[in-house]
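Just dropping this structure here.
Residue numbering begins at 1 within each chain, and the chains themselves are lettered A, B, C and D in the order written.
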């Protein structure tokens, strides 16, 4: 089971997100509290948006907790939109091309969970990917396949529908192969402006997902916390597990839901996979 | 352009093969003399047969010339059938799963060359792989795809025919996508008993391939060379480039040919790809 | 806190030692039960004796649990004297030259523990190392310094005395720098024939150390366990934490003691550091 | 023989320095033209100054030419003072702590060359390092020792004198051990504001060093080159080998000299090591 963090808001030094909170993502990589696997030592990745239109992605197969390059980068790069992910492999090799976040053009994608019985379903799923996108697959994870299915189904135009169709296909292919609960997990994706986070599993018992309370509310409740005075009203964190222990700071995303962090009002809605309209 | 070496014969310390000859494979990894790329620093691998039925494979993404673990292993492991490969990537990521030799059950496979315009052809080639074998593909190289095509076409029963059908398919798919010369390279494969080496390219201008002269002949010509007294009559090396400079030691495999190193008389024959019998 | 295992006895496939027991060293690398640090993901090493006089050493900075090369080597190499170590860094960089076991000529050395306030003491300790040995230090760990101190004090002639003098010096240097309890840990060393294991800490509260019960006794108690019929009478394991849960199999080495596993009768004796005879 | 590049001037994307010129540092890492070793595949490092007072350092043991993280960082980070170094090991292990640039507080340091017979001289040199600095040495290179000697002799106050005393000591220690020409190489160091570059070898036959022509002059000679219109008058590159082939762009630093790139007029002066005043 992996861990991830998505940040959107006032530009911050990345180290503030990864190392500062008491139960930071890096500390979580050594000792998980909620997770299925206790240790997340099978690589990590950080993606961020800066002055370029394309996001940067730094990925490594070393455990995050002792990686010096991660510490250097986190200590020197400031960004207003950051994805970070630490990996516990569910079987696929520990290699950079299997580390999240994945990137396509301006988009980033990361996932905590798995496709059950992936090896049974993999060929059919890969066949459903747009042939023009197929050669861009570089690794061997289920997560990268889900990403490319979502791209195939229009992620860049309508993320919630594209993800619903991707997961609908996975469930359809899974059921036809006798896999009862094919999909499990939480997903985050962004185009550099808005950020979508999904919580869904076929068995309706999904891995955890939390979003941070509106900064305006937190400021009222915790006037003594300086950082809350400094960040913009729209600053938001979405995380696989809560960071720190600030009372009232974290809200669980309900089962089978998705949220949108965007300029203006954020949004939280139910999520239902969309089965293929015609027999596959 | 990669380099490779295949050894079959009296058990030797692997370091005798990799480090001892004057133009050893490790020295070649730094400075190639015949090759297209000058440096082979994008990972390496060694496969060998020992007491177990399955061969061992050690692969690393570090340059071979300074890899201490390779030196340790080579200095302590003795084997009578060894494959060694050093890689210069033609585009696919530098990761262990892209390092040769590849293994399937008792079989090893390595390749020096490429499929031209791989990204155009990749999906069609992967579709032609036996769905039962498909999930075993772990990397993203052309070489691993050729291996799985050959397995699909019966490598374990009749290697020359299986390789002829695999390359025939690659040429067929290539031509249908407008690629004039799809296939380039030399290939070695073994089941732990016999060893097959192929030299072929669609343009009939293939990368080099050499085999060592019969030990009985070499002994007569070079009675002063002690090692020749020690190894068995059937000891044979097949290499992408000659090692050392012993006069009369190396013979070029002719264009569009393959050789078999096996118990009893070795063999050298012409090689012709076999096009798919029905339109693909 | 690291973990380690030392095996002396009938030749076995290394994987039998590392992967087979229920609480194997590899499983322990993910979830420690007795240790100070919960995860040992900062590199590992295996040393073994084979046909060569010098032992082989394979070391890697990747976590042991997912290292494919370790699995390959362990599955193909048989040895009658094996050292294995998994590391949780107490501060020094994660790099191969900081992984145990360390080697000097025919000797191997590994350590679980630390020198407290190493950076305060390091220069004085390094100055006490034989200048002829000094250039052989390649890493930056306390463990390698203790090894070279022991070599300086005659490890190759009389291991218990050399280790007593090395630790005596460390305590002396520590006390002069105001470090109350300079030394902590367990140490294993071997010349390929005998094996010495030490348990000592300045505060007399040392990390754990266990040795396996005499095989003859275990056979009587567990006639149903086949492996016990197969290994020689003199087979012995020394481990930082018990492996498996065979009743009666493990015995704790008492505080401030050392054991010798050797041809003939093994031995267990008290251990006392020997302070430098003259003020340093 | 390593390669290095030091840039001071208008903020640029790091990729403009590393990948853009025709004979860029990355291309040089594969095929050197002037160097002693042909391939620089034993790790690399980049240091840069940004919004923080301390510079960032990114170092890796993979060959630079295929390192994806280097490409990402170089494509997203803009800096006005950049050090980059690619390494060909002269014996010490390939590990991050042996990669340049080295850092101490606000200072960066890199070196192309070697101390001859390092293992003979190492202990005496390390003894001459300020004991307070000694524990900060993390690797095993000659270059890091020279850096810490220079720090010991006042690098932070007067770089030319400190480097003269460091090299003077190395020559003195070397001569006392019978090493005729102890020092070889070029060195760059910076505090984030000024940049010093040294060319010196005991045999007065030093590795090459070049600095770029004054931007005002280059603009007049090449009015068609747009980038020259964009960068500030004070922009300067110092490199171990010329990049690109712009006529008049590169000037060799004379044997036994050093240059200073600083706000205002740059400077070029003779360099003479300063022997220890008292017998060591």
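As a convention for this text, contacts are C-beta pairs under 8 Å (C-beta built on N, C-alpha and C of every residue); 3 or more make two chains touch, one makes a residue touch a chain.
Since we're looking at a predicted model, the values are computed, not measured.
Novice: Need the graph distance between subunit B and subunit D over the touch network, please.
Specialist: The fewest steps needed to get from subunit B to subunit D is 1.
Novice: If you check the contacts of subunit A and subunit B, which chains show up for both?
Specialist: A chain counts here if it touches both subunit A and subunit B, which gives C, D.
Novice: For the two copies subunit C and subunit B, is the contact made of the same residues on each side, with over half of the numbers shared, or of different residues?
Specialist: Same: most residue numbers at the subunit B-subunit C interface appear in both copies.
Novice: Between subunit A and subunit D, what is the separation of their C-alpha centroids in Å?
Specialist: The answer is 40 Å.
Novice: Two or more other chains in contact with one residue: find those residues in subunit D.
Specialist: Only 68, 93, 96 qualify.
Novice: Which residues, counting only subunit C, touch subunit B once they are in their complex?
Specialist: Residue list for subunit C touching subunit B: 48, 50-52, 54, 56-60, 68-69, 72-73, 75-78, 96.
Novice: So in the complex, the part of subunit C that touches subunit A is made up of which residues?
Specialist: That would be residues 30-31, 38-39, 41-42, 61-63, 65-66, 68, 89, 93-94 of subunit C.
Novice: If we count contacts the way the header does, which residues on subunit C are in touch with subunit D in the complex?
Specialist: Within the complex, subunit C touches subunit D at residues 93, 95-97, 119-120, 122-123, 126-127, 131, 134-135, 137-140.
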